[in-house]
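So, here's a batch of structures to check.
You will see two complexes here that share chain A, one where it goes with chain B and one where it goes with chain C.
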Partner chain A sequence: MTAGAAVLQWLGRTIAIVLLVMAGSTVLVRFAPGYLSDAREMDARYADAAHAELSQEAARSRSLPHMLSAEISGWARGDAGISREYGVPVSALILPRLAVTGGLLLRSILLAWTLALSASLLTTAGRNPSPFWQTPATLLLAIPTAAMATLCLLANSGGPVLVMALLLAARDFKFLHRALRTAWLDPHVLQARAQGLRARQVLRAHVLPAIAPQLAALASLSIMTALSAIVPVEVIFDVPGLGQLAWNAALNRDLPVLLAVTMIMALAVVIGGMTPDRPPEWKSV
Partner chain B sequence: MRNSIRLCAFALAILAAAPAKTCLAQAAPRMPGELAWTIGYDPKTFDPAIVDDQESEQVRYLTAGVLLRFNRLTQKVEPELAETWSVSANGRTLTFRLRLGLQFSDGSSLTARDAAWSIRRVLLPSTHAPVAEEFVSPGEVTVETPDARTVIVHLPKRVVGIGKVFDEIAIEPAGRPSQGRITSGPFFVSDYHRSLYVRLRRNPHFYARDAAGVELPYASGVRLDVLENPEQEIRLFLRGAYDVIDDLPPDYFELLRRKDPSTVRDLGPSLNTEQMWFNQAPDAPIPAWEKAWFRNRAFRIAVSQAVHRADLARIAYEGHATPAYSFISPANSIWYNRSLSAPHTDVAAAKAELAAAGFHLSGSVLEDAAGHTVKFSILTNAGNAARLKMATLIQQDLAALGMQVTVVTMDFPALVERLMHTQDYEACLLGLENVDPDPNTMMNIWLSSSPNHQWDPSEKEPATAWEAEIDRLMNEQAGALMSSERKQAVDRVQQIVADQQPFIYLVYPNVLVAVSPRLQGVQPAVLEPALTWNVEDLRLREAR
Partner chain C sequence: MKLRPSAAWLLAVTILAAAIVLARPGASYSHQDRAEPLAAASTLHPAGTDALGRDRLTRVAAALLLSLVGATAAAAVTTLAAAGVGTLAAFAPASIGWPAMLLCDVFLALPWMFLLLMVRSALPLTTSPANSAAITFLVLAALGWPACARAVYRGALSLKRSAWMLHAHAAGLRGRQIVRYVLPNLIPLLLPQFLICVPTFVIAEANLGALGLGIGEPLPSWGGMLLELDNSAMLLQTRWVYFPVALLIAVLLLLEAVAVEA
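So, the complex of A and B:
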């Protein structure tokens, strides 16, 4: 297959995924209980305004195909619509939050990798995997993200970066340790070490090149893991990012916002997945 | 491996630094003399005329100059931008005389023309101002300005409590609505970062001065941080990032009390009520026999008698609530019916009431005369710990009568859909927030034709004689000239509600607040905004 065909195939697949995400989100939100209701209906002061907005929404969402085509044509024109909850263009809500979430993800992943890599290098050098590192990693993997975030909040210590980083580091450490140890015990590496090559040189010249494809695959896995944790972490720590926006949009049945956020997430996953094939032992993850 | 050890040490250093930084990420830097507290979500608008959510209302309260202000402490209407005001004998003409030398925050003069323009603007149908409804027939209201300081408002008919309506009408520069950027109130909107904060700056041209002649407000500004998580709010409050917390849930009140008892205050019962009711709508998609139970007065009375309200207050609200028997709280001293006779907790009487109505026990299970097991679900909203605890306690109380109750929680939109649209529920437990002590504001609950007449919304005509009587009495009090006549009518409505129990009132949650020891000038009130209603008098100890 030529490079052009491969790019076309990737583009086609991406567009298909995005369209599926749009359709899925629209159907789920439109038929979620409470789509055509508003808490303000219960308040005499605001009930009239709420009823007027609901009537408009009811007219707009009467037919699902019409709703979908309106959303798709809006997006095709570069118009993500108006938020039902806030009454402002969705782009005005998304853009500042994109930077917040992007920054949080980046810092978390960097910290997680630094931690995981450091721990893996330390344990790889030993004779056996150290329970000192293995046990905390296993424990961290067992604790749900939301519980870890709440614990940090109650203990008045730690923040979103720490929670995300610990979650990612625990997972990354398991894989990195395994990959490094396998490479470290390869016959040619053992030979190099026996000949007196320094650890730094062994790592740079033999170990890291050998595990580079696994590292790339692990990077994409880190992005996906981080995306799955972003909603609870942002909600619990009140981080004004995309995760918090998605949560509020879901609670308020704010379809235009939810569509935009899910599409961004889908694109991030698709782009994150543009890495070399994962090794067979990671495919179950 | 030495390098990797160094790397590890470096990582651990970052690890230690990261939490400290991220914990403080939410709080924007505070300016000297600036007050700070939180709002739960972004205000939907800064246009004071079209405010239709609580947080926008808060911004309007802090920024809007109004002709009259409803004093939250004394519960009386007081002149604000108007120096004097009067109502004609027939209640249809209001005359306001403005203070001399009024200015907007940009230094331009504020005259009767601006006041008239602002009033006309909220009355225009195209503005969609919620406050217009309170004029009853807004299209027929006329406003005139005989001179630069006088505004006369002509109403087509008398409106009860009209003074308070002007507490919600911001006076803006004529023809220059500014989204709160140019105001005649104590502050104006200077900066807004969506999802982060709204910053208000002191209006240097605000008319008010203290007794010593010092210009008000004292504070240089107010920063309203958008923060949803109460735990985060408490954490930042304890660090001094916020000066007040309004409306604390009881569990968080206790948490804060344990950490710093000097900061929290229980102001006693609020105007709000927590109640449960049964679905009596004839079209509700529930079995006919259930509708028959719910329409049966004896059934409702028995349920009311089985509920241990003192336990609800003690357990669900950790002692920060007061048992409730009426829709008017004892905090509303003017309208509360002190001689009310309502069914109190009496399980034996409840059993007798049910037996007389044809219910009987089959083993430990209650059945109706036709042999249907009495079981139903109580719907409430998810995320409200006190409500969920109350529902569980009620489930236990009703088990003593042989009723099988399940508790169902749902998120608010789904719950509203069931209550307002599909009527697909059996019983519901919710609260009602009363922002105004005047019972006239509860017309939408009590008139049988109202969509908010929860147990049977939008009745074409009153379904029962007692509902017809409530309709008549509520309309009567709305048109009565004498306050004693109004009080008599409202007392009677309270008694009918106690006798019929369409709403089974449970508790009045107490007003729970937290105030920073640094903040001076606070005079807590039961009405909202409980701590900041006199914002112009608030200041931090260091400032000025």
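So, the complex of A and C:
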């Protein structure tokens, strides 16, 4: 297959996935058992007329084709629909928060990669590295993100970047350590070491090039994990980003906002590397 | 050093201890001792009480059992679904296999937390606590299968292309007979997937609960108890608030040790 055809195939698959994500999310929400209930119906301050109006509004948005066309036309207009809670275009809520979340993600991923790469390079070399090097990473992975963020907040040390970076670094470390260790024990690397090549040269000339393709997969996995961790981190540290917006939208049943944020996140994952296979240690949420 | 047997034993002891705590006469996770909110540890309440005067040890024991039972059931559903989709995609014609794997990609493109938020927020406002627990784990099961299905698909595909399968075809074995011999070969692949899913779902439930979107009160859950840490006044009064978090981390470490070495 030529490079052009491969790019076209990737593009087609990406577009298909994004469209399917949009349709699938809409269907999922439409057929969720509480879709037609509205939090405002429980509010005693609303008069009967208002309740009737809410019921009519729910009935109007009952049809799936109507929902899908509203979703698509919202994206086509560029406002991604109207927020149920705030009554403003969803894009007006999302755009100011994109930079906040993007900055947080970027800083966290960079710090995590630096930590993980340094730690895995330090612990890979040697004949039989101690398994106790894995202990901090294992411990960090056993702490739910929300608990880690809350404990950092209570200890008044560390912020959202540190929490996200620690979580990501623990996963990155396990992945990198395994990849580096496998490459380090390759027969040609063993021979290079036996011939007296220094560790730094072996790493630069043989080990790092061997794991380069896996680093691309790691990048996309970092994005996926960071996107899932961003909600509890932003909520607990009160960071005004997309995660906090999604959480608020979930609490207020503001489904247009939630759908739009989910779409953006799916787009980020698809563009970030097209969902490669996840190794076992990456499966935690 | 093999940690798995020790971890499995420790986990079994913890589960047994939780069951004994719950089986004590008069133990109730929802009973409120209004005279003793935020009480320190005593013989009556070995881990103190929460802000509503409920026995913390009983609630932690109930949360542990509920979370483990729910996560195990969800992991079983996920693994079965993944086995079905992965095997189907590998052995069925491309017209079925390709859409099945595309569906996996679609699910994998959606970050879990956002999908969980979306589904959880679209549930009825009047959901009972028991239903909210069932729905939470059902949603986790429904969203967890694609990653497992990918792994099963790869394993099933390599089986399909293996030499003994070619021999089986050449020897005239029919499809049904081949399936009978293929499926047991997938069990070594499915067991680790199942064991990995259990701690994953426990963590997901805790994170969801800490955001206020998990299992409803008065049912105890890890996430609900993490919310206690938000109350700084409570933290000053008793250090037992940290007990659920510590136990949760210990249980997750044990589950990870069991899963990783499987």
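Criterion: the second predicted complex is superposed on the first by the 207 of 285 C-alpha atoms of A that agree within 3 Å, B and C clash if a C-alpha of one lies under 4 Å from a C-alpha of the other, contacts with A are read in each partner's own complex, and residues count from 1 in each chain.
FYI, a residue touches a chain if its C-beta (ideal position, glycine included) is under 8 Å from a C-beta of that chain, and two chains touch if they have at least 3 such contacts.
Model, not experiment: these values are computed from the prediction.
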Using the touch definition from the top, say if A:A16 reaches chain B (first), chain C (second), both or neither. second
Mind working out whether A:G159 is in touch with chain B, chain C, both or neither, as first, second, both or neither? first
Is A:L251 in contact with chain B, with chain C, with both, or with neither (first, second, both, neither)? both
After superposition on the shared chain, which partner residues are touched by A:S118: those of chain B (first), chain C (second), both, or neither? first
After superposition on the shared chain, which partner residues are touched by A:L105: those of chain B (first), chain C (second), both, or neither? neither
Where does A:S25 make contact in the superposed view: on chain B (first), on chain C (second), on both, or on neither? second
Partner chain(s) touched by A:V90 [first = chain B, second = chain C, both, neither]: neither
Chain C-contacting residues of chain A that also contact chain B: 32-35, 37, 39, 41-42, 150, 154, 235-236, 251, 253
For the chain A and chain B complex, residues of the former touching the latter: 32-50, 52, 86-87, 92-93, 96-97, 107, 111, 114-115, 117-119, 121-122, 125, 150, 152-154, 156-162, 165, 199-200, 235-240, 244-245, 248, 251-253
Using the touch definition up top, name the residues of chain C that touch chain A in the complex. 1, 102-103, 105-106, 108-115, 117-127, 147, 150-151, 154, 192, 196-197, 199-200, 203-204, 206-207, 210-213, 222-223, 226, 229-230, 232, 235, 245, 248-249, 252-253, 256, 259-260
Complex contact set, residues of chain A against chain C: 13, 16-18, 20-21, 24-25, 28-29, 32-35, 37, 39, 41-42, 131, 138-139, 141-147, 150-151, 154, 224, 227-232, 235-236, 246-247, 249-251, 253, 255, 258-259, 261-262, 265-266, 269-270, 274-275, 277-278, 280-281, 283-285
Parts of chain B lying in touch with chain A, wherever the complex brings them together: 1, 3-5, 7-8, 10-11, 14-15, 18-19, 21-23, 25-26, 41-42, 44-45, 52-53, 128, 130, 133, 193-196, 226-229, 231-232, 235, 410-421, 430, 433, 435, 441, 443-445, 451-452
